[in-house]
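Reviewing the structure listed below.
We just call them A, B, C and D in the order they show up, numbering each chain from 1.
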Amino acid sequence: MTTTTRFTTERRPLLARVGRGLRTPGGAIFVLLAILLVGLFLYNPSLGDPGQFMRFLGRTAPILIVALGQYFVIVSGEIDLSMAAIIAAQVVLAGNLIGQDASRILPVVLLMALLALVVGLLNGVLTTLFRVPSFIATLGTALVVSGITFYATGGAPSGNPVDSFREIGRGGIDKVPVFGFVPYSTIVLAVLVVLALVLMRRPFGRMLLAVGDNARMTALAGASVWWLRTRAFILSAFASTIAAIVLVGYAGVSPVVGQGYQFIAITAVILGGVVLGGGRGWVLSAIAAAFALEVLFSLLDFIGVQSTWRPAVQGVIILVALGVPLLRFTRRRSQTLRSNRPNK
Amino acid sequence: MNGRTAAVRRTLGSTTATVYAIFVVVAIAGAILAATAGSAFFTEGNLESLLTATTVLGLVAIGQTLVVLLGSLDLSVPFVVSLSSVLAAGVMLGSADNLVAGILTAVVASTLIGLVNGLLVGLVKINGFIATLGIGLIVSGYLFTNYQGSTGQASPQLVAFGGLTLGFVPVTTILMFACLAIVMVLLTRTRTGMHVFAVGGDPEVARMSGVRNAVPVIVAHALSGLFAGLAGLVVVARLGVGSPQVGSQGGYDLLSIAAVVLGGAVLAGGRGSLWGSLGGILIFATIDSILGILQVNPYLKDVVRGVIIIVAVAVYARRSVPRRPARFGGGAR
Amino acid sequence: MPALSIRSLSKSFFGYPVLSDIDIDLEVGEVHGLVGENGAGKSTLMKILAGVYAPDSGSIHLGETDLRFTHPTQAHAAGISTVFQEFNLLPDRSVAQNIYLGREPRVRGFVSSALMNRNAQALFDSLGVTTISASARVGDLSVAQQQIVEIAKALSYDARVISMDEPTAALADHEVALLYGIIRTLTSRGVTILYVSHRLREIFDLCDRISVLKDGVLVTTRAAAELDEQELVRLMVGRPLSTFFATADADAVVGDVVLSLQSAGNAWVDDISLELRSGEIVGMAGLQGAGRTEVLEGIAGSAPFTRGTVEVAGKTVRIRSPRRAIQLGIAHITEDRKATGLALGQSVLDNALSVVRATTPRRVGAARRRALTMLQDLELSARGPDQEVRYLSGGNQQKVVLAKWLLTEPRVLLLDEPTRGIDVGAKQALYVLMRTLAAAGHAILMVSSELPELIGMADRILVLRDGRLVAELPAASDEETILAAASGIDTGVAA
Amino acid sequence: APGSNTGTTPNTGTGSTASANPSFDQKTFDTENAQRTATFTGDPATPWLQYLPGAMVDASKTKLDHPGKVCFSNAALSNTWRQTGWITMQQQLKVLQSQGVISKLEARNAQDSDDTQVADIDYFINENNCDAYIIAPNSPKATAGAVERACATGKPVIIFDRGAGTDCETSFVHSVGGYAWGIDSASFIAANVKKGGHVVALRTAPGVDVFEQRWAAAQHIFEKAGLKVTDYLTGADPAKIKSTLSDEIAKGTVDAVWVDLGDQAVPAVEAFEDAGKPIPVVTGEDVLSYLRAWKAKGFKGFAPVYSAYQWRTALIAVGDLFQGKEIPKDWVLPQVPVPADKLDAAINANKGMPDGHYASFGGEDLPGYPTAWQKP
């Protein structure tokens, strides 16, 4: 007769958890990714070659890294619109300051790290201590950072850094067993993903989720909310910087490099089931979603969708991928209690 | 009575008042700076330019204000502006007879796109940021596939209308104010308008109180589309042709959101005002105008804009800290 | 012919039944009490009546008509309105706008604010409420005033059936009296009231008949006259509660002073001097708004003191942040668990570990192991450590809050209204727990608006008025003495 | 209707649809094709002063007895070609200022926005203190109305680079044009790739006239040569160019890469290197980044030119008008591509210049050379 279950310390069986997980938006993205990958292999069998596939993965690394950075910020309840501006600034910095002098690589990279720290800190402090909504604060810093970058370069920077520096985005390790060719960028990506997974299981990561869920409670629990969120912004700025280093290697200096990345990243993170407003979502789902988007774009190229239609297809996919599960979920949602209200 | 004085006090101390205070400061500073540069700020010519610059962004921002009040966003506006411009110019083809058809096509198409945004946000419950981003991408795909550069030709009446001024005030600016007034009535004197605030404030509370949340969401988004469409028509009137890029060139998405926030609206929804948004736009336009007169590098303009947005919003945030009334004086230990 | 009949109503969430096969008849003009432990399903039942949730099966009949709601509006139209357990007001809108939200009065097609304000003011006049202006912004009102607006809103629907879910949880005594008056007027007009409260005294004061829910099943419906408190509690809990308040061990020792304040104060409280010893439970009484919460917030560093000295275990300290307070062994269980105690979207375990993670991340491993046993000891009713706290009932949520603080092994426990919205069973468990903690050497400072609870639990009672300590009373003081001190009407006892 | 134009679907391989491209205009194509090889009036050593014989503008009414103020509405500075040109223009200004011809150049930058540019022009008109207007339109048709208003002031109006969609202007200064550019580069590919070969075309953005003309002409040539073309819109984003080409390389052979903007060629070349494939024919432009990559990597390249010195010509034209010297009504400047045999000369002449610099900047005789062009 008793229907309430008393508290048990046991977890549900792994399989049941996986099954349930796949039905959440964060899980469904893996299914979508799998489908897209099948499509990709069908249209371009040459990608079935591990080396080719690793190259493919490698060139998606920058956007995946950016999505990773954006994940930290979104999960903590904020949003970072400054990523593209940071990428542009860092790319220009690398191009202009390193130039053809390999001995300058280390000091310039340190300078880039410093810039990331400053911008991340600024974003964080503005949103937390000065309570400027992150949408506005990061939009503002983006305007400032890119304004200064383009002012300093007259509007159209050019000039690539020395080839040895670009190796990280272009080169790789050849003749690796199984894989054949492993681009350095995939290694960077793998390391960052593992770090992110570890970080999210550490107290910092758990508290970041808690902040996104209820910042007041987190503050009263003795956490320093401003510093948690600010660290998320700093991580995001560092992610942009690493993406910039890979990008300047891969593609070279250009005023448009990285443009629009933050929107793809935000889309990916949300597609990965991370809730705008924070408190929910798995980092791997966000990465998977970013990868799925990249696979989709390539697939469109392979299928031969007219290039001007590509943004439209992208828009449709985003809306369908988000809308269909939502249509299914809203019926269940409306049964649950008030959805987590924003903490005002 | 008590309520009224309280209301007055609230208005005076409100964010909107701060917005206009900032505007006045900026304008005066601008006049002084312009004078030191050997130019005048308050010339009819410059004021006309300034008002013209307010009009298109102003129309877009009216819609954006509605949507932000609701707790959503509209990132599709630049593409709707462009779409409206190419449709209108494409239908008119420079002929006086096609004026009405052109206007209708543009307005209906824009409103429909807003409506689709509204349906996605209000019924399917996709986050406004994503829904309007997606629709914006779809519209941009349509535009870039079907239009290569400027297209069509505005009908002569429309061009004449675009150039009409009353003194130094462009008639299109007056049109923008008329729209502002209508939306003001909508927000304060109709149920749907009041429900925009309610749904933006707390959708769950609104629902529990018997509000059909989808209605204000759909109406606000549809209106945002409509006003973006009108902005597109003003663009056609000014340029004489339609352009598939003109909306994205103007950066109307982020700029209108920034203006609305600069006007004191809260992105989470429920708080903000049309007057505030107008003030936000005036501030932007004034700064642009001053920096233009001073021949400041356009990239430094962005820097100034960025700083102004951040500082202004930080000031509002400071002011709106809810404080419990203190019972005892301070006195450090 | 009953005003409203509920027939074999069932509802489950994610396959877990919350209400099974409920049958209740509400007679015209009666006050029908609905009681049960936390999570028994009371609020769920009310939300079904309000059209917020749809039942899985069963039916609701209003007179002859069979009701099926898909939206709250339909419930209003059918003549059923609800005072919800959580606030349902928009802080940025005016009182009148809140009351008439969704059905703003129109004149010639346009909403008339003047008419709306007039109607709202008339409503307050008829209720005898004089302190609330219809045009005031709701966010500027006190918690109690907001609760009254909420009640006024429910009344404004001219409903035939009004359900009230713990309407007095935030009200002071004189406001409760006001509510009693309103309810009597309504019933005399033939309105039926469904009344949920954990305050049994109110249930007996007001109700004609009482339905008892337990684990989603209707235990019984009886006339109030047939029941007494003991019997009711037995029905709710399923076992008799012999002595409600756990008594202190005779040989319990009160130890050293662990916390002492000398003339501490800030913008909200002033000149607070008190001592707290290990092993003792000190109560703090006061009227609504007296500043009790602020004293606790001052100690816990969330609204730091700016004057005076604070000593912890004999050392003078400056507590400028919650973090510092936690490091000093101070735990602060706040009065609003949803807003300040829990991250509702996170799991039970994540919430329980949150303070440890925030302050002593290195001890998380050990804390995780202890957390599970502690939650079991607290008799948490949840599906497991991974369940989202959002889906727990109020009482169980409170247990999670307690667990997260106890895991920090605090010296001083500050409890602000720890039993608010908690059922009797959970209350008693908490009382026993407090005793155990005190016996284990913790010092407890407890704020409560329920005087019997203070009198039953505290070793001594501090009374606060207008931000100042006005009296310290012995454990056995009676309610009148405390009230007199708190209200300042008769300060017979020296401060 | 959707799908009716520019794109080609690689999997069907149905070749180009140049005839359906609405930007294609046979008459202009023929004119520019002829002008490519025409003889220009003037000294080839100062190509910025050369022009094709034709109608001249009477300058007697525009003669000033004082240095004149010039108002310049610039579409943008957002690519290296425009930057190079802008520097050249400013250095030319110094000369004309020191000669007492021009007093001041007030410039407004529309940052690639039609609406802003119209506002800029109207501002100049409203302020009413310009002795001449120079307008580098962002998009010809959209600025036509504003240009006409400027003409209505009676002051000289010089248009350069892209046209203004009106012919009220005093003079239109431009190098031969987009069709010529497209013909130059596409003909090189057609001559070096066998029939049926596969060309990947990288296009910067749709709807920009200059680019549309280059593409329309190239598409026309490719179609006639029987080449299979796949075109992509890249937004000039090097990362996108590279990944697009990587995909193309993975899918099948690429015999040539055609770009509509020189900057795009370098990442395209790198894509072949990174894939370990030989670099096929890759055309570019006279931007140094491309020329240097071409020389360093030794692939089959070709650099069409869109003469950057037209920026100084526009100012010279105004100066001439102020001094009462007649100028051509349609001032067509030569547009001489850089083929392989002139590569070394072009690179050597521009030693020390940044990668974004254009070889045809035409400012070697101006004050400040070379340092003014070397700073970022």
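Brief remarks follow.
To be clear about the criterion, contacts are C-beta pairs under 8 Å (C-beta built on N, C-alpha and C of every residue); 3 or more make two chains touch, one makes a residue touch a chain.
Values in this document were obtained by computation on a predicted structure and should not be read as measured data.
For the interfaces A-B and B-D, the C-beta contact count is higher for A-B. Centre-to-centre separation of subunit A and subunit B, using mean CA positions: 30 Å.
Centre-to-centre, using mean CA coordinates, subunit C is 73 Å away from subunit D.
Centroid to centroid, with C-alpha atoms defining each point, subunit A and subunit D lie 37 Å apart. Within subunit A, the positions touching two or more other chains are listed as 155, 306, 308-310, 338, 344. Among the residues of subunit C, those in touch with two or more other chains are 91. Looking at subunit D, one finds that residues 2-3, 6-7, 77, 206, 233 touch two or more other chains. Pairwise chain contacts present here: A-B, A-C, A-D, B-C, B-D [touch as defined].
Subunit A meets subunit D in the complex at residues 44, 46-47, 52, 55-56, 59, 62, 96, 152-160, 170, 247, 250-252, 254-259, 298, 301-304, 306-310. Every residue of subunit A that touches subunit C in the complex is listed here, in rising order: 1-12, 202-204, 206-207, 209-210, 213-214, 216-224, 279-280, 335-338, 340, 343-344.
On the side of subunit B, the complex with subunit C involves touching residues 2-4, 6-7, 10, 185, 188-191, 193-195, 197-198, 201-202, 204-212, 270-271, 322, 324, 326-333. Touching subunit A in their complex are the following residues of subunit D: 2-3, 6-7, 9-12, 76-80, 82-83, 203, 206, 230-233, 235-239, 241-244, 246-247, 250-251, 263, 266-267, 270, 274-275, 289, 354-356, 376.
Touching subunit A in their complex are the following residues of subunit B: 120, 124-127, 129-131, 133-142, 144-145, 202, 204, 254, 257-258, 261, 266-268, 297, 299-303, 305-307, 309-310, 313-314, 317-318.
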